[in-house]
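Shared between the two complexes below is chain A, which has chain B as its partner in the first and chain C in the second.
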Partner chain A sequence: MLKFPSDEWIKELSKQLNESADYERSAKDWEGDFAFIVEPDEAYPQTAYLYLDLFHGKSPSAGILNSVDEKPAKYTLAAPFSAWRKVIEGKLDPIQGMMTRKLKLQGDMMQIMRYPKAAKEIIACCAKIPTDFDGHHS
Partner chain B sequence: MNGYTGKLLHVDLSNHKTWVEDLNLDFAREYIGGSGLAARYLDERIDHQTDPLGSENTLIFMTGPLVGTAMPSAGRYSVCALSPLTGIWGEANSGGFFGPELRFSGYDGIFITGKAEKPTWLSIVEGKVQLHDASGLIGCDTYETQRRVRQMLGDERTRVACIGVAGEKLVKTAAVINDHGRAAARTGMGAVMGAKNLKAIAVRGSAAVQLANAAMFRETVKQIAHRLNDDLAAQAMKLAGTAGYVNMGLMYGDMPIRYFQQGEWEPAENLSGVLMVEQYQNRNTACFRCPIACGRETRAPSYQLEKVDGPEYETVAALGSLLMIDNLETVIMANHLCNLYGMDTISVGCTIALACELSERGILSPADTDGMEIRYGDAETLLRLVEKTARREGFGDVLAEGSASLAERFGVPDLAATVKRLEVPMHDPRAFSGMAAIYALSPRGACHMQGDIYGVDTGQGLAPELGILPGERFDSSQEKGRLAALSQAWRSLYNALILCQFQNPGVDLVLQALNAATGWDYTVEELIPIGKRIVTQKRRINLRRGITRKDDSLPKILLQPLEGGTEGNVPNLEEMLTAAYQEFGWDAQSGIPLL
Partner chain C sequence: MWYFVSPKIVFGEDALDALEELEGSRALIVTDQTLVKLGIVEKIQSRLRNNGFDTRVFDEVEPDPSLETVQRGVQIANQYQPDWIVALGGGSPMDAAKSIWVLYEHPEMQAGEITPIVQLKMGSKAHLATIPTTSGTGSEVTWGIVLTNQAEQRKMGLGNRANLADIAIVDPALAAGMPPQLTADTGLDALTHAVEGYTCAWHNDFADGMCLVAARLVMTYLPRAVANGKDMEAREHLHNAAACAGLGFSNALVSVAHAMGHTLGATFHIPHGRAVGLVLPYTIEFCAAEAPERFVDLGKFIGCVNQDGQAGARQLAQAIRGLCQTIGEPLSLHQAGLDEKAFENALEKMIDDAFNDASMVSSSRSPGYDELRQIFRCAYYGTPVDF
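Now for the complex of A and B:
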């Protein structure tokens, strides 16, 4: 079990993406790294920053950050811990989440609009990670 | 009169008579405007025998209480009549500037009856009504018609709604076109106009729309503008137009491919609205007082097009992926031809795609098609068939009758992707099950503008106060059926106001705008009942035209499971329909309104 959010968890996601042919195909032209911001809520009282580099269908690097400024990313996606959990567990469609502002996206919207399939494959890879949500297992 | 001019213009083309009728305020309060109010009026003017192309059909151009005000994205008008394509209730609406200008010219709506002896055009300038000889305009495309009419009136600010060659030829998928390439496209309203020998309507005026509470209205508009910044769907449309949905539509399996029979096709990514912006867009274009500006002005160098109205999502799919065409320039060109001739891109694309399917199955041969080999993915054939349809030339005369007629003619009615004879738009109900109920219930036949579950289930255009909240997209339970009914009621109210469905500032502000404009005191709880009343009114017209529950169905072609984004989902329509009938207050078995 890998705890979410953690350095191990985001590195495992990076590994899963690098092994996914579906992700590679759907993101073959994608260029841009992400900072995932986990905002505090009742279930998780801290803020966490997860960094995921994505380039041409692969994920060259990943890791936990102390702040978003440590490694400024082209895109940031911020949401409370419980919303992240729903996305990872497949209970919240990320597009629905963004439209309803449960997930707040910053970055080049036009590029995001071209790659919804890549986002779907990232979620599929998340689902493959045995995740420990602070005692709650996925 | 607050929110209305209070005047309806009647034009009897048979007798060259015009007169003004006071707006029935009870009707206005109950049906608001747009297609809602038009349905209430049309109900008294037609019966089960009325010929949609006969002089007795009434063609209604109608605005609503928000049209021509400072309300963002409310610059629309409806065109309604019995449809020659479907034989039942027909409606289409269009943006641009014609609707507001009609109000500024002094009228809420125009009722056109009879048939002119010779081609005619109508002008309404500062309330003054005139009929003119349109013989010199016959054969002109819609852009040229608009240009010449403006020139004849000597005022470049004149707004013109007109038909092209397709309308003149009574092509049953003919549109009414205004403000360059804005189209009131669906259900063949252009053919009704053509049947009346009416080539164009020009409007110009300076009257202001009176508001009951101007200060509150101003404040409401300010709040709407503020909320738009948080509306991601609107922001996306501003950036990439409605075609910005292409990639998402493909991911969900919502964007139809190969006449609704293929779940995935990678080259369709070449039709992306983002690519259109990057490669073929000149600039954004906006309707009257619309901050979203989802319209596109595009170019297609391969076809020597430098500046034409660009295709929106429905067109990109109908003239693109549905036909296995992945070249945006071809789609831009085909869209431009449809605009020039004045035709509905959805119905035209669907009908040509059906011809491709019939050819592939060996049902159609070159002997039936003037020697043409018709096949998927053939740009040249697409463009030739669009032109032949508009002119009713050879096989085009068959295509001009629409998909249902084409399928029947060749003995395969089940192959037509239509509901109540109207071609299915570009949102596959296998991707969002609720759309199955929306299509089956839609009073004008398959329509994505009479309810938008594909939007709701992806978090767009929500109305929590009305119970319109996102759910699981493959759900076809009774709960989804009720949601479909609510969505249809809400969007029917939008089509009455008339407010663009891409403007979703929230129920509270829409209600506040309506009350501030009219001086009424409607509450949130009263909004859905108004929408239901409108849907029920249109259904009563259809029941009189012979529609029964069996017509509230989906074509078999949409009930086959597909691979890809729809993940093999097939909606359970019956389950949803029964619940939707109950939500509307109709008999659960027959679908007949109980009151």
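Now for the complex of A and C:
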């Protein structure tokens, strides 16, 4: 079990993406790294920053950050911990999450809307990670 | 959390009278040259003039409107400074008008930035009225916009809930002149909206009723309207069905048939309704292999299904093929006239484009690359999907 959010968890997502042929094809032209901001809520009282580099269908690097300024990313996606949990567990479609502002995206939205298949493959890879949400297993 | 949004809808005989109740002074009518020649634009102008409006016409919208056409329309709007934009026509003028409206209100934006995840405020310069002249697109009641990027031969799914029309005027008299082929093509578009809106992963209680009623109306009245364009009872029900289906799918979403249809349209210029209607039975067979229940539910409501499970879903697919045969629509891409070699040459790009179409995200069953390739080939050769 890998705790979410953690350095091990985001590195495992990076590994899963690098092993996914479907992700590689769907994101073959994609250039842009992400900072995922986990905002505090009742279930998780801290803020966490996860960094995921994505380039031409691969994920060259990933890790936990102390702040978003440590490694400024092209895109930031921020949501409370409980919303992230729903996304990772497949209970909240990330596109629906962005449309209802449950997930707040900053970056080139025109570009990101051209890659829905890649977004789906990232979620599929998240679902492959045995995740511990602070004592609650997915 | 989700939303159900709708413009104010005026429908039925003489619904055009609503133009004489609009408050404003300058209306830019966004339309195409065919409707100018048919005298329909003059009918709209006359009603607006009676209401004290000055009007100007932008009639350069082509089928599958391009980004360049939208830019020309925005220039006209900026010069003319309308307080109403009136979209008149089928889906193409509607989608062009919505884009022109957004870019007129927000000169800082590009068309590609009109996405559902930006926060957009509308109405500071103008309002939008939509008047459909075909019975299919549903665009008069939706916030979705489809534009064509000609350089990339790709359709762009755009739109934001804020660019919903203030008023949709659904007057069946405007659809009375549609020739049989156009009636058939656009009717299949409405049916595909209804079926995909009801069965996609984003279906919801509020949209379901609209989709069910729209599907039944199309199955009942489309053959009559194609056979006899003067059958005004059929015309009126179809015109309403298109708007109901529009409300249904735009408050849920569409699915694989639209993702495939968009790329077929962009690549081979197959009319949109014909493309999505042609592939719909194949995508039903694919999606229902994992979750047939909602297809069966819909088929039973229409009255064309009496079995459960996959057998029932296949009955629905066959009923739609039967409708296509009755109204003279092709059942395969081969029958639609696509050259086999050209199809195979374009196939891999069409697969990539279909996967990157916003419609694909809400499919109740997500195809892989191999599966989507097989669905395209089944649709080409007319072979039912059995995987």
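Methods note: the second predicted complex is superposed on the first by the 138 of 138 C-alpha atoms of A that agree within 3 Å, B and C clash if a C-alpha of one lies under 4 Å from a C-alpha of the other, contacts with A are read in each partner's own complex, and residues count from 1 in each chain.
Methods note: a contact is a pair of C-beta atoms (placed from the backbone, for glycine too) under 8 Å apart; a residue touches a chain by one contact, two chains touch by 3 or more.
What you see is a predicted model, and the numbers here were worked out from it, not measured in a lab.
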Would chain B and chain C fit next to each other on chain A once aligned, or clash?
clash
Contact-wise, after the overlay, does A:M109 reach chain B, chain C, both or neither (first, second, both, neither)?
both
Touched partner set for A:W9, first chain B, second chain C, both or neither
neither
So in the superposed three-chain picture, is A:F81 touching just chain B, just chain C, both, or none of them (first/second/both/neither)?
neither
Quick check on the superposed pair: does A:Y44 touch chain B, chain C, both, or neither? Answer first, second, both or neither.
neither
Mind working out whether A:D22 is in touch with chain B, chain C, both or neither, as first, second, both or neither?
second
Running into chain C, out of the candidates 385-393, 403-411 or 529-537 in chain B, is stretch 403-411
Shared contact residues on chain A for chain B and chain C?
93, 95-96, 98-101, 105, 109-110, 113-117, 120
Residue numbers of chain A touching chain C in their complex, please.
22, 25-26, 93, 95-96, 98-102, 105, 109-110, 113-117, 119-120
Touching residues of chain A toward chain B in the complex: what are they?
93, 95-101, 105, 109-111, 113-117, 120
In the complex, chain C touches chain A at residues 1-3, 110, 112-113, 115-119, 157, 201-202, 352, 355-358, 360-362, 366, 368-369
Residue positions on chain B within touch of chain A in the complex are 230, 232-233, 235-236, 239-240, 244, 247-248, 250-251, 272-275, 277, 457-460, 462, 470, 473
